[in-house]
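Look at the two complexes coming up: chain A is in both, with chain B in one and chain C in the other.
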Partner chain A sequence: MSSGDPKRTGRAKGYLQAFLFLLPGLILILLFFLAPVIITAVMGFTNMDYRFQWNFIGLGNFFRMADDFLIPKILINTLVYTFGTLAIFNVTFGLILALLTTSISERVGLFFRALWLLPRFTPPVVYAAIWLWILSPTRNGLLNGLRVAMGLRPIAWISQFPWGVIIITNGIIGASMGMLIFTSAIKAIPRDYLWAARVDGASWFQEVRHIVLPLIRWPLMFITAYQTLSLLTSYEYILLITQGGPFHASEVWSLYAYNKAFSAYAGTYEFGYAAALATVLVLIGTVASIAYWKIFRFREMMAQPRIEVS
Partner chain B sequence: MASIRLERLTKKFGKVVAVNNLNLEVRDGEFIALLGPSGCGKTTTLLMIAGIYRPTEGNIYFDDVLVNDVAPKDRYVGLVFQSYALYPHMRVYDNIAFPLKLAKVPRKEIDRKVHEVAKLTKIEELLDRMPGQLSGGQQQRVALCRALVKEPEILLLDEPLSNLDARLRIETRAEIKRLQRELGITSILVTHDQVEALTMSERVAVMHQGVLQQYGPPDELYDRPRNLFVASFIGDPPMNLIPVEFKKTDGKPALVTDSFVLPLAEAWGEVLGQMDQGEFTLGIRPEDVRLSTEKEGNALLGEVFLTEPLGGGTLVHFRFGEISFRVLAPREIKVDVGDKLWIIPDQEKLHLFTKDGLSVREVGRQDAH
Partner chain C sequence: MATHRFTPGSLERERRKQKLLRFSMYVFLILASLPIVVGYLWLFVGAFTGNLVYGFVPQELTVANWSFLWESPSPAWPNIWRTFANTFFLAAGVTVIMVVVSTSAAYVVSRMYFPGRSMILASTLILHAFPAITLLIALYYILRTLGLLDSLWGVILVRAGLMVPFGIWVMKGFFDDIPWDIEMSALIDGATRFQTFWKVMLPLVKPGIAAIAVFAFMAGWAEYIFLVTFVRDPNSWTLSSYINAIIGNYRFTNYGLLAAVSLFYMFPVLLFFLLTQKLLMKVTVGGIKGGR
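And now, the complex of A and B:
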């Protein structure tokens, strides 16, 4: 084939044009998404500390991770926190809120949904402070105040139930996202389907089980996948409420990485090790995304033809 | 099977009164139609009977049992939605089987019944398809199957033919009528199409703005419309409606407009003469008029303004000043624009309405009570 093939140069020109159109977006992605990941990954192969020196130590950080006696504990915490919050609150409770608030009168439903959204508008520090008051181990905390009023002994909630605390505090706020998405999905179901089901003899539960859930299948799977990833990387409420304690009992992977990098408790700012931890977390997230993509067949959702054949 | 009785049934949506004080009776096994223009409250009425909407006021009885507080699933009603509302995520088979599954009918019996009803409506070969793969007519049949499979006592059909093309509509019309007769099921058909209502049902309830206008057999609606709305709504091509004044000239009764004078039969003169008003609306169906080149009896001379061939006949338009007047002429009669012809209405088939829009006949009947 000659290099002067007009078809070929034409196509090359087309690619160039497409590339130029995509360039601004590509630059943004490179700058804000890819670059941090790459820098973090590279940093993971150094033993950088507060002196910010790029001393490459090969797989040193990863060997250290394998030997780190805290890692199994952190990993279990992370799994329990992520899937516990997901299963109990972000999907299930969000779904229940959506189902209930769409089953009652429009105005009352709206009121409850707005109520549940409030924490989203509250600054995280304030939200955390409220929980610290509710869970305070002293008799001045809300829960312990109630217990004392009932003649019971105060409980050190955070020390006794570290997993419960991080799941509940994150779940209460996290459920609202699912609630919003599910609510709009439920409202988008044509009323005729629900009415038909009622005439066909369905109770409220059967209506939900046979009509509503199958019809909001995609939003359900989307929220599951999306919230898994966001829970894997979120730690701000844990940091503010339990600091990962007591004794790492509520410390999750992302918080562990944060602590290694910035916390005073080691006093050393182990950026290199923290970066290696973060890199592993990115890998876990990627694997989870691919798994969800496959399991939930998201490709089908995007390609599904909606043309009516007659 | 069951009879249905609606008593002072009213449904309000905020300020909108969708159904207003509706009284209606459907006999056991009868097929009736709710007929009216879009937005007149037909669907709302149907959904109240099915138990989806709760009446704002009034009562619904099945076989003289009050069912206002009975849940839809306990009403033994089959409902075909205008949208068909086939569950998009279930195969046709599962759509039809759904009511039986909920009723915990054994698997084998479900299978038997689904096939039976599918055979009845000739959709057996579609059972494995998804609703999205069906044509409108096929979807309509599936929806009908789903309504019939649980052997309901009452069948409600909301504009079941409106999404079908003209040809299929005529076929399906006959099909539904046949099914209804075979099963003997009490049925209510909702439609805005008078032909559908008049051809399919034993009685027709005409509704307008939530109010029942007239309820009776098709012939009665056609021959004796109670009021102006029914008169104008029933009949195709529609009835000529002309504001007139009743006068006696030289002792002879006549209806007078600015543009013409129509002499009346003596019998009409007596009826109208007894009324305490002189202004009426005259109704003449295009098919109740003869055209002639010679004056005969009580006739009216007009000039042909426009002709529309309708296949079976010709619609001849006349103009009297502002008033246009349509006559359905048989095909054999040759009519051309500009022809001067005598219009001879059948005096027995004239309709006269008072200023309130009520038929003069009705007024007479009410006086008698």
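And now, the complex of A and C:
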């Protein structure tokens, strides 16, 4: 049992090696992932501002949230944005794109999938720039240019349709994730099933309805759950395109937290309140995940053979 | 049974129906993709033309929009080439750190036993429930404490750190696919663990390294939210901050400049994207599967 035991020193040396390989990763994850989680949770109980002092005020921020007259509006915006984008684009449109691009010639299908993936890899400022041109309230933008060409008056698209704007602009990016996952699931369906259906005279729609959809129901549920969380916490594009406006009309929960902390025009830097808002958002996300877990019975999915990408 | 399907007339009709269906699929795809195509087309048209009539009809070709390359549009803004170099530095920094850190960690997680192994794997999954964006405030606090605000290094470390769990999961998959025998024989021949990792395993997971490197580079190159939140100093601006400033200053006016700088920024992205789109699709799917 002394350190002279060769087996034991060997094992200790093995652990040490493993530890050294892991160390850089552990430091990064601890410092920039784990620590922020804890700090956010604790900061939510302080009234920290630009002076960065830890004054604990108990549940003060949460009471304030209950009284915040903007919160109901923010909550409605968040729900409409999350589930609107999810239902129209991330799931439905992603599914349509996957179905269509796998039903036409392989090369053309690949082209369209690549086209829809491009916005996801475009720098957010460039993507926003494109939409600011399309939606410009002046006659120099695409939509108003078209209107003027037809003899109509320009419209302030962003202030007129704030919900529509944030749903469409985020949805075009969001649809590509579902598209890719569904495509690989559809490609994993044994061809025999589809041929058998075709021999029996099934139309394309019947094929989709009775063979494809039942076979890809796990990816469908997974994307629904996963993208709900993504949408709940995404605000980069909203910040860039509508800035949450006009008058908070397109401000979602995560953007509200960001603005409370960093918005220059408010000039307050309410880090404590913003951290409390972020904490509540994480709680909402957790509740949603648990609900999905139960509703979709994901435990059963874990037992399913995994669909591989072809 | 179903004899009607084999008369020449019905076969013909069936074929025509198929053709019509196929045709309507193309029409739908083209119409639905129109906003994307038009948007990216505008980057090119807008960048090289003067005022667009009705917002989309080009008049004359010009390079006037590109004068930002030799002359700053605003005295408050930094030199564009310095900004370009910063962007590259940020992307390269994220790539190197993310690849090195996640590859070595993934090797251990895939190949070695040590106490707490499953805990590490589980914790990377649980952290997934806390999207980076909700941690922004705390990250600001941490960077401020470390004195890394207003520095590209802060953004590099944060972005790399947040991508490491994803990198570990993807690389773990690649290491898991290598048969044990290969590594065993190297160890039996007297190679140390590190030599085995460096000389035997790394060459075998090159495709994985390429995949996460492309991913990390694209993410670093496109970085926006951390950058504008953590870095205000114009000397540390990247092209994202630059375009952010153009949008801020000329929100709905100077579309030529906006298109030109955007295209300048997009150029490496388009190049990378054309070369690696299939890889990107695979890793996007694979990363999610690992990440769940």
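Keep in mind that, in the parts below, the second predicted complex is superposed on the first by the 269 of 310 C-alpha atoms of A that agree within 3 Å, B and C clash if a C-alpha of one lies under 4 Å from a C-alpha of the other, contacts with A are read in each partner's own complex, and residues count from 1 in each chain.
Convention: a contact is a pair of C-beta atoms (placed from the backbone, for glycine too) under 8 Å apart; a residue touches a chain by one contact, two chains touch by 3 or more.
Computed from a predicted model, the values in this text were never measured in an experiment.
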Quiz item: Which holds for A:P190: it touches chain B only (first), chain C only (second), both, or neither?
Solution: first
Quiz item: Touching A:L281, do we find chain B (first), chain C (second), both, or neither?
Solution: second
Exercise. Based on the superposed arrangement, let me know which partner A:A291 touches: chain B (first), chain C (second), both, or neither?
Key: neither
Practice problem: Specify the partner with more touching residues on chain A, choosing between chain B and chain C. | Solution: C
Quiz item: Taking the superposition as given, does A:H210 touch the first partner, chain B, the second, chain C, both, or neither?
Solution: first
Practice problem: Considering only touches as defined above, state whether A:S254 meets chain B (first), chain C (second), both or neither. | Solution: second
Practice problem: With the two complexes superposed on chain A, say which partner A:G201 touches: chain B (first), chain C (second), both, or neither. | Solution: both
Quiz item: Given the touch rule stated above, what does A:W131 touch, chain B (first), chain C (second), both, or neither?
Solution: second
Quiz prompt | Those residues of chain A which chain B touches in one complex and chain C touches in the other | solution = 201, 306, 309
Quiz item: In the complex formed with chain A, which residues of chain C make contact?
Solution: 2, 5, 21-22, 25-26, 28-29, 32-33, 35-40, 42-43, 46, 51-57, 97, 100-102, 104-105, 107-109, 112-115, 120, 123-124, 127, 129-131, 133-142, 144, 157-158, 160-162, 164-165, 168, 193-194, 197, 218, 221-222, 224-225, 229, 239-240, 243-244, 246-247, 251-253, 255, 258-259, 262, 265-266, 269, 273, 277-278, 280-282, 284-286, 288-289, 292
Practice problem: Quick one: which bits of chain A touch chain B in the complex? Just the residue numbers, please. | Solution: 190, 192-193, 195-203, 206, 210-211, 214-215, 217, 306, 308-310
Quiz prompt | chain C partner contacts - residues on chain A that touch it in the complex | solution = 14-15, 17-19, 21-22, 24-26, 28-29, 31-37, 39-40, 43, 52, 93, 96-97, 100-101, 103-104, 108, 110, 112-126, 128-134, 136-146, 148-149, 172, 177, 180-181, 184, 201, 204, 222, 226, 229-230, 233-236, 239-240, 254, 257-258, 261-262, 271, 274-275, 278, 281-282, 285-286, 289, 306, 309
Quiz item: Mind pulling up the chain B residues that touch chain A in the complex?
Solution: 47, 50-52, 71-73, 75, 77-79, 81, 83, 85, 87-89, 98-99, 102-103, 132-136, 146, 150
